[in-house]
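Everything below concerns the one structure shown next.
We just call them A, B, C and D in the order they show up, numbering each chain from 1.
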Amino acid sequence: MPRNQIPPFELKLTQREAHPERTVVRLATGAAFGGDVLAICAGPCSVESAEQIEATAAAVARAGANVLRGGAFKPRTSPYAFQGLGLHGLELMRVAATRHGLAVVTEVLDPRDVEAVSAYADMLQIGARNMQNFALLREAGLSRKPVLLKRGLAATVDEWLMAAEYLLLAGNTQVVLCERGVRSFDSNTRNLLDLSVVPLLATMTHLPVIVDPSHGTGIARLVEPMSLAGVAAGADGLLVEVHPDPASAVSDGRQSLTFEQFASLVGKLAEVAAAVGRRLPAPGLVV
Amino acid sequence: MPRNQIPPFELKLTQREAHPERTVVRLATGAAFGGDVLAICAGPCSVESAEQIEATAAAVARAGANVLRGGAFKPRTSPYAFQGLGLHGLELMRVAATRHGLAVVTEVLDPRDVEAVSAYADMLQIGARNMQNFALLREAGLSRKPVLLKRGLAATVDEWLMAAEYLLLAGNTQVVLCERGVRSFDSNTRNLLDLSVVPLLATMTHLPVIVDPSHGTGIARLVEPMSLAGVAAGADGLLVEVHPDPASAVSDGRQSLTFEQFASLVGKLAEVAAAVGRRLPAPGLVV
Amino acid sequence: MPRNQIPPFELKLTQREAHPERTVVRLATGAAFGGDVLAICAGPCSVESAEQIEATAAAVARAGANVLRGGAFKPRTSPYAFQGLGLHGLELMRVAATRHGLAVVTEVLDPRDVEAVSAYADMLQIGARNMQNFALLREAGLSRKPVLLKRGLAATVDEWLMAAEYLLLAGNTQVVLCERGVRSFDSNTRNLLDLSVVPLLATMTHLPVIVDPSHGTGIARLVEPMSLAGVAAGADGLLVEVHPDPASAVSDGRQSLTFEQFASLVGKLAEVAAAVGRRLPAPGLVV
Amino acid sequence: MPRNQIPPFELKLTQREAHPERTVVRLATGAAFGGDVLAICAGPCSVESAEQIEATAAAVARAGANVLRGGAFKPRTSPYAFQGLGLHGLELMRVAATRHGLAVVTEVLDPRDVEAVSAYADMLQIGARNMQNFALLREAGLSRKPVLLKRGLAATVDEWLMAAEYLLLAGNTQVVLCERGVRSFDSNTRNLLDLSVVPLLATMTHLPVIVDPSHGTGIARLVEPMSLAGVAAGADGLLVEVHPDPASAVSDGRQSLTFEQFASLVGKLAEVAAAVGRRLPAPGLVV
C-alpha cells in the first residue's frame, strides 16, 4: 500500500528561491521583522480599558518593546466568554501605542472587518484558528497592511507556508510567520511550542518568523526561558502577553507576565540576542 | 504545579439536559438526521461539470442515498489548486439533486456567501478548517438553514460542541455534527477517524452525529469497513465521496468510491444497520 | 528540503505476500483468531483473588467468551501502584480458566519471565509499553507460545508490523495484533481507538487483528458501541475488561464492564457479526 | 461526563521538595550534570569500528565535549537493520574514551545486560522505547551506575518522572533526564523537540535535564540552533550525534554532525551559555 501522505505542496512566492534576500517587514513606526534588530511585541491578551492599555503600553515601551499587541476582536472557544471591546478597543490601543511610540498589531476575525481594523492597526494578525480561513486570507492579502500569520493549532509547516502563499498571491508581500505552539498529548502545557520551525523555516522561506511563548506554553513561568530559547534558535522577534495584574485579566491571565517580569525578560534577552548576533530595538518613547 | 488543562467548558444549549429528546434535523426533502432512518449523503468532492454531477446524483440516488454532497466553494490548502465552480457549481448540483429527489449539502467558506449558498442548498456545511471561524458560525447561525458542522482538524469534543453552541445561540437549532478524522502521527491514513466520539457525543449532547469515512481515512478501500463501523457505533448517517471516475477527479480521487463500490457499501450497510436497530432511507427518485 | 519521514520499512515475513492465506492462530483450547469464528477475550485488568477470577471466568464463559484475560505482572506507570500477584496470580487464573473451558492470555514484562509465564498461559501478551522491547520480543519469538502483540502508545502501523517481524524472524508465526488506542490531544477518552487499522492491516499483512475497546476508550459506556464497531470493521476478535465489581477494582475499574454489561454486549455482537459474515464462539463449559 | 484524564501521579522521590537542592550527577571522570558547567555528550549513533570511534572521540574531545556517546546495543525498528557491535563495540568505545579523557554513556536494552554494560560505561542510557520497560528500570535502579533516562516517544512529563521514580525507589539517585523529541503530525522533522520541558521540569523535580537535538529534529542543519535554544532554555547539557562521515554512517547519518560542524556548534554555545550563566567543560585530554 502506498503512503497516503499528501505530497509536498509546491511553494512559489514564499520559497527562498523566490526572494534570495530574506524579507524584512517594516511597520509604519519603523519597527521591523527580519533584520538584525528583533521585534518585541508585547501587551495584554484583551484590551480591557483605557487605563489598562495605557499602563501596559507605557510599561512595555519602557522595558524595550517596539510593538503593542492586544485583542479587540477575540476568537473565543465559548460564545459565553468575553468577546472583546471591538472598535472601541482598537481606538484605545491606537491612542496608547502612539503615545508611547509603539506600533499596533491586532487580530482580525472577519473578512468584512479588514478595512476597519486596518484604520487602527499597523499590522493585522491572523490567528491560529483562522490560518486556513481562505476568505480572510484573500481579504488581508488585498489590504497591503503587513500581516502576522500564526500557525494553525495542528498545521504542518507546508500548510502554514501555503496559507502565506495565499497572502502573497493576493499581492501582500509583508508577511511575518508566528509560531505559537501546536496541539499535543501532554496537558502540562497549553500547547507544545515547536521552536524547531524557526531554523527549519529559514531553510524553506525568505519570510521572517517570530515566537509566541505565551500561548506556546500557557504558563507565565515558562515564558522567559522559552523567549530566550526562541531567540537563540534564530527567531526574528517575540510576541508576549503582559498585563498590569495577570490574576485579574479577563483572558489568559495564567500565561501573562507582570510588568516586572517582562522587564526582567527583556534584560536577559539582550545578552542571548548578542550571543547570536542580534540586537534589541532602541528604547521607545517613554512619556 | 497545577494542570494547565483548559477547564471543561460549560455547555448550555447543546448539552443533553437542554433538550431531553434527541434532536432530529429534517431537511426540506424529508431526509432526516437523528431518527431511526439513517441519512446517507454521497457525491463528489468537487462539482466538476453538469455531466459529472448528474451522473453521480443518479447513481447515488439509485443506490440508496438521500442527500447529495458536493463542493462548489472549495477550501484548498494551496491557492494554486482547483478552487471550485462557485455559484455555477451550486446551480448544477441543485438541478441534479432535485431531478433525483435528493437534498443538497454543500460547504460555505465566507460569511458573505451564506445567503447566496442558502438559495441553492438544503443544508450548509461548515468545514473542518472553519470550525472555529466564529464570523461564519454567527452568520450560519442566523440563516436558519440546517448546518452540518465538521470537527476541526485537531479539535477536542468540547471545542466542537462549543462551536455548535455558537450556532444554537444565534438561533439555529438544526445542527448535525460530522466526525471526519483528526490529525495523527501515522501517515498511513490521511486522518485518524475517531469513531469513539459517536457514543461519547450521545452522552453529552442531543445533536445528531454522522461520520465521513472518506476524509477520515483518505483511502477508498477503507471507506466501506469504516462506514459499517460508524453505523455499528451508533452514527446517524454517513458522508461519502463518490465519483464517476475517481482516477480522473480534480480533487480527492484517492478516497472516492466508484458507483459500484458505493452501491456495494449501501447493500452491506443495510444489514449492519438492522443489527443496531436502524434502517436505510427509502429509495430516492430514480429517473 | 526533502521530507524527513522515515522510509517505509520493508516487511518480509509479516507481509501478505509472504503467506497468501490469512494466518489463523489457534490456542491449545481450540479458540482461534482469524477464522470465521471471533475470539472473545474477557476478564479483569488484574487478577486480585481466587474468588474474583473464578467468578469472572464463570461469568464470561457463560456469556460466550472463549479466552480469559487477566494481569498477574502489571506494567504500572507508578511504582507505588499495585504491581500484580505474579506467579500466584497466574496459578489462580489457570485454575479458573481450565475449570470453565477458557484459554488464558496474560502479559509478560520481562524476558526472564517468558518461560515461567508460558507454563501457565496459552498466549503471551506483549503490552503497548513493550512493543519495541526488543529483548522481550526475541525471547517471546523463541517460545513458540502464540503471542498477542499490542500496538505501542504512539506506534505507526509500520513500526507495529516491524515489531511482529521480530517475533516471526525468531521463529514464532503465531502472532495476533491488538489495537488498543493511541495517544491523542483529547482527554475525553483515555486513548483514541484507531479502528481504521483493522481494514488497513488486512491490506498489509496476513496476521489476525483484534480490538481492545476497554483501554481504547477508558470508559465503560463506550465499550459496547466500540466493540460492535470493531467487529463491523472486520476485527477477528475483542479483548474486553470485565470485573465482578468495577467500582472496587484495584486497577482500571472505570473502563471495566459488569457481568451483565458484558453479557449484553455479547448478545448484540452476535447480530453485528452475522451482518459481516462472522460468528461467535460456541458456548464454553458452564460449570 | 467527567474527564477521563489520568489523575496526576503523586511524585515522591523525584519531586523538588524531596531534595531541596538540585541534584548534580557526577560521573567517574568528573563530568557532571546539573552544575554551572554543562555536560556535552557527543559521538556516533553506532560504534562501527575502532577507527571510527577513535577518530570521533579525538574530535569531540578536542572540540570541548566531556562525554562520549555511542551505541553498541541498538534498538532498531527493523530486525533487518544493523543491531550494533555489542560487547566488542563497548570495548572499542571504552578504549577511545579513556584515551581522550571522556566518560562513556551507552544504551542498555536488556535487564540481563545491565551488569555487563556497567563494566564498560560510566553512565547507562535507557532509551525512549524502553522508558516504561519496568524490568529494565528496576535492574538499572539496582546498579548504582548513573542513568540517562530518555523521554518516551509520546510520554507525558508525569509518566517520565514516574519512570525516574522507579530508578530512585530501587536506590539509584544518580538520574539525568533527556528530552529527545516526541511524536507529532508534521513529518518535516523526525520528532518534535519539546524544549518547554526544560523549564517545566525545573519546577517539578530536582533532577538535571539535557537535550538531544539530533533525534529531536532528525536533520543535521537544525542541530546547532536547537542546541543553542536548549541551553538558553536552561538545559544542563546536550547529547549530540557526531560522525566522521555522516553520509556513510550505518545509522542516523542524516542527523549527524561532521567534526567541523560540531566544533562550530561548541564555539557558539559558549556565548549562549555565558548569557544564561553557564560554562562549557574544560577541554579534555587531547592526545
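The rule is simple: contacts are C-beta pairs under 8 Å (C-beta built on N, C-alpha and C of every residue); 3 or more make two chains touch, one makes a residue touch a chain.
Bear in mind the structure is a predicted one, so any value in this text is a computation, not a measurement.
Interface of subunit B with subunit D: the two copies contact each other largely through the same residue positions, with over half of all numbers used appearing on both sides.
A rotation of 180 degrees, rounded to a multiple of 5, brings the CA atoms of subunit A into register with those of subunit C.
Distance between Cα centroids is largest for the pairing of subunit C with A. Per-chain CA centroids place subunit B at a distance of 47 Å from subunit D.
One inter-chain figure worth recording: subunit A and subunit B are separated by 34 Å, centre to centre, where each centre is the mean of the chain's CA atoms.
Counting partners per residue, subunit D has 1, 3, 5, 154, 158, 183-185, 187-189, 200, 203, 219 as the residues that reach two or more other chains. Viewed as a contact network, the protein chains are fully connected, with every chain touching every other. Within the complex, the subunit D residues that touch subunit B are 1, 3, 5, 8, 154, 183-185, 187, 200, 203-204. Here subunit A touches subunit B in the complex through residues 1, 3-6, 9-10, 12, 75-80, 109-112, 129-130, 132-136, 152-154, 158-159, 162, 165-166, 169, 183, 187-190, 218-219, 254, going by the rule given at the top.
Residue ranges on subunit A touching subunit D, taken from their complex, read 5, 154, 156-158, 182, 184-189, 192-196, 198-200, 203, 216-217, 219, 221-222, 225-226, 228-234, 268, 271-272, 274-276.
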